[in-house]
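Note that chain A is present in both complexes that follow, paired respectively with chain B and with chain C.
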Partner chain A sequence: MGDLNTQMLDKYRNNFLREVEEKVDDGDWVKMCMQCGVCAGSCTFGPDWEHTPQKIFMMIRAGKREEVLTSHSMWLCTSCYNCMVRCPRKLPITHIMHGLASYAHRLGLAPKNQPTRDFSMIFWENCTKTGRVNELKMTISVYFREGFVSGIKKMWTLRNIGRGLFFAKRLNPLELFVSHGCKDKDGLRRALKKADEIEARRRGYAVQPRGYSS
Partner chain B sequence: MAKREYAFYPGCSSQLRGSAANYLVSVESMCEKLDVKMTQIPDWNCCGASISYAGSSELARHVLSARNFALSDKHLPGQDIVATCAACWLGGRETIEKLDASSQLLADTNEALKEAGLQYKPGTEIRHMVEVLVEDLGYEELGKPVVKPLDGVKVAGYVGCQTNRPFGIAGESFENPMYLDKLIDTVGGESIAKYEEKVSCCGGSLAFCEPEKAEKQIKNIVESAYDHGADVICTPCPLCQANVEVYQSEINRKQGTKLNMPVVYYSQLLSVAYGGTLKEAGLDGHIIQPKKLQDIAVKVVKK
Partner chain C sequence: MTEVVATNQTILVVGGGISGMTAALEAAECGKQVVLVEKSPTLGGRTALLYRYFPKLCHPICGLEINLRRIKANRNIRVLTLAEVSAISGKRGDYSATVKIAPRYVNENCTACGDCAGAVAAEVPNPYNYGLDKMKAAYLPHAMAYPQRYVLDASVIGTADADKAKAACKYGAIDLEMREETITIKAGAVIWATGWQPYDAAKIQPYGYDRFANVITSLEFERLADPHGPTGGKILRPSDGKEAKNIAFIQCAGSRDENHLRHCSRICCMASLKQTQYVKEAWGEAAKSTVYYIDIRAIDRFEDFYQKVQRDPSVSFLKSKVAKVTQDKSGDVILHGVDTEGYHRYANAHDMAVLAIGMQPSVAGVDIPAEIVADSSGFIESSAAESGFFGAGCATNALDVNRAVQSSTAAALRAIQVINKVARAEA
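Now for the complex of A and B:
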């Protein structure tokens, strides 16, 4: 079995729209877009996107596979759902953006060091470890993702916020050693492992290696 | 026996010494005054929030929510689930919607849950705490326990995104929901009808990974509150609360502004108005002190 991206290229050739319809969560909605631009105008970070949702939808139909899947744009979605409630055709745009981002990541095409992608990975690993988020460890992982020195700098810059939260009893240094968590975290992790197997089976992927798979 | 009973899903940030620990405290004291009994779902897990889409598969996220529903059904049968966190509530609603629409997804979810000895049965309701307040109790009922009306406190009702979109509170508009303003008025505060940033996004989790972008949002949210002479911003979402409160100092440092606007939860307003102490209302849990509310909380009223 070759790499997933090559497989998908072989399978769908020049029909990127069909690939999105079949492989991306809620991707079958893309063809419903009528290019009105309300999503682009409603987006919190619209001005920061290289390609707004409106453009992304058109690019999908135009077969611009690589440009779409390597774009930073979908990763700027804050999940504010503004586009989704305003879309006159009722496209679940937020879900499609998440789906595209997730698919690009699966294929190994998402931009390297994409901040939101990195955060997403850190978040998932963090919350599935004990079944509940360890906010302190998560924050440290995010700040240190670009290396030790930059991590120390970020922590130093934000030290007053950390101190403020500590005195407000909203940050617990002991979380470095003891986490909140589920009693049946093993059962939870077994269920998540199973979910990955089922998803891989349904979509024809290889199961992704994760902490709870081992 | 309590007048109303619910299965409670507090979410990760509300845990002891979490970033929204004071939210939980104020919800508990508020509910006690309203004779609402909230029982935590035993052994609940994280909902996966809105950000885990790269790290996880879609099915795995549904399994997270469905495990909570199954546990609730097993230990607290017949009770609606109440979430206090916007993302928990939204994630749960999405799972219910998706599993209701696809028998395949439902079967897959249950195949995975079997590994934890659990089963999800459709029919679960997950509701936001605000829905319980405005729909099950109603504004009139919410006004009854008020012993310290929030006289002279001007509150910018910042609804934000996820308690408002895509599901929202029944009967409210996405562009200008009124429930938060009505809650503020119900407890004697002064709401700001023309607060422009009411439904803007605080930047959500991008405050972590792309702080400059989120800080632009936060600055607007705070400055608009100042423009209207607000004493405090009030929100129903723990991420909005944390983002808008804690990054003001960063904006000040980078841009030379002097932002110092306190940000509290609706439950804290209610708790104070119902006679809650500083501690009961979680008003000891802020970086930027909500001075006016704290003054009311320590004031002694004659009965």
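Now for the complex of A and C:
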């Protein structure tokens, strides 16, 4: 085989598709995509993001690892499931997109300061602590994500809603000090730990609780 | 009309489309006795409703005419129209089929003069134009109908229209006393040529077939282009009768889709390529066809036709499965999607969209015996070795006319072998 052939072979030798199949939830479906474009055309966010599912799947096959894993697209998915319902090959597209997002996050390649990703991390940390979401703390964390001044501004804009929630007994200021929680917090932690272990074993990850890597 | 002498050496052919006619003829011309059962009032099936064949763009009338002449000339074939097989029992070499014959209310005296149609006022949706227009309740299905005999629609029986039709007939051909008959036919082998039906386009929700008048199926488009069709062969869109010059063809409408039909319907690519030529024929320089496709499956000898259409400046190709169709105030349809060659998002307006609708096996109404094995799409697979049932044509697979005829000839040969064995055993 000539040098050029060998070079081209190396260029097209694609390990990324295999990596996705092994490591990403529902990643083994990616090869089933026939590039018809229905997902891209059906996506409610379609015009607003750079890489539609159709494009992401082709990029995976083309071995564009960096571009795929650093893409903002997976994080913009609103889980409307339009693509998944219409896919003529029944690919679980929404799940693959979430799987890719989660994998990119695990590797620390996910885009920094991506609002969906930040929100997800805040939510996860918040709800796994006590087994219940402390909405007050979570709201504050989300508002002050971009600094003190912008946090105050956001709170000011939404002050009427906050007041409404307070009078409707949906917002308890004491939650700032004492969080309510589920009955068996240890049980919850054990369940999550176990889930992490199972996932790590199946996918060959080093055990590392979700939400703490970045 | 219904006295049929059938024995264990008779071949029963179910379905009188191009496949059933072919199978019946091939067997009959080999000297076998054949009973051909067709549930509509005429032979010809869906083939008779096509404007032209691909790839030569010749008219189906030609091929049908030859076959009808063969049928008329052959004493071995008995044709039963308006007849449906309702039950079948027995085994290879010895079947017994129950056939229900619906009343036509018109007897053999009919000369197809059409006076009854002139007398009748009531109109019914015209299934021979896929419901695009209406026809008189006394009708000849189409110009090529066989038998060439009128039908009185059951909906007018008992009304004044029926009496008017009877009074108008100079030949005493209208018989309002006809009743449904049930007969039993013996047969040594049965050929199932039950054909196909278009997939229900309304089920493809994003294409809006049930919401937008200007989204039609490829079969309806055949009727629009046909001089015998509802528009006299003018390609006018249904919503406002505007001349449709800029037409979108949406491929794989229902086919190759796990949510609809999982198989490739095989004919639709060629059918749409053919139909682009209707548009060109109708409007010349002003014609504009756009084919939206996943991939064009113009196999073997059809490749030439595909290349010819590719060179045609009135036709453009867009590699994309359309995601959604909408309609604007002017009645134009807007196709939305993303193409695969460059990932460009488009929203293209067209006068009309034609869905290249998928083929579904039509087995409704027939109590299919357990002996018949169907594949995951419902097409008949080859039966077990000890069976005397054989599938033919589109009952077995999505086929074009050419391949359906081949398949039917094969089925006839298989049936003949069964009959020969029976004949030897009985001799």
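One rule holds for everything that comes next: the second predicted complex is superposed on the first by the 191 of 214 C-alpha atoms of A that agree within 3 Å, B and C clash if a C-alpha of one lies under 4 Å from a C-alpha of the other, contacts with A are read in each partner's own complex, and residues count from 1 in each chain.
As a working rule, a contact is a pair of C-beta atoms (placed from the backbone, for glycine too) under 8 Å apart; a residue touches a chain by one contact, two chains touch by 3 or more.
Quantities reported herein were computed from a predicted structural model and do not represent experimental measurements.
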Combined model on chain A: chain C and chain B, fit or clash: fit
Per-residue touch tally on chain A - higher for chain B or for chain C: B
Partner chain in contact with A:S102 - chain B first, chain C second, else both or neither: first
Touching partner for A:L171 - first (chain B), second (chain C), both, neither: first
Touching partner for A:G131 - first (chain B), second (chain C), both, neither: first
Chain B versus chain C as contact partner of A:D48, first or second or both or neither: first
Which of chain B and chain C A:A191 touches, first, second, both or neither: first
Per-pair minimum CA distance [chain C against chain B, superposed on A] in Å: 7
Those residues of chain A which chain B touches in one complex and chain C touches in the other: 85-86
Interfacial residue positions of chain A with respect to chain B in the complex: 25, 44-45, 48, 76, 78-82, 84-86, 94, 98-99, 101-102, 105, 110, 115-125, 127-128, 131-133, 135, 139, 142, 157-158, 160-161, 164-165, 168-172, 175, 180, 182-184, 187-188, 190-196, 198-199, 202, 208
Residues of chain C that touch chain A when the two form their complex: 206, 252, 256-260, 294, 320-324, 336-340, 343, 345
Residue numbers on chain B that touch chain A, as the complex places them: 12-13, 15-22, 43-46, 48-60, 62-64, 67, 87, 108-109, 111-118, 161-162, 165-166, 168, 174, 200-201, 203-206, 208-210, 213, 217, 246-247, 249-250, 284-287
Residue ranges of chain A touching chain C (in the complex, touch as defined): 34-38, 40-42, 46-47, 52, 54-55, 85-90
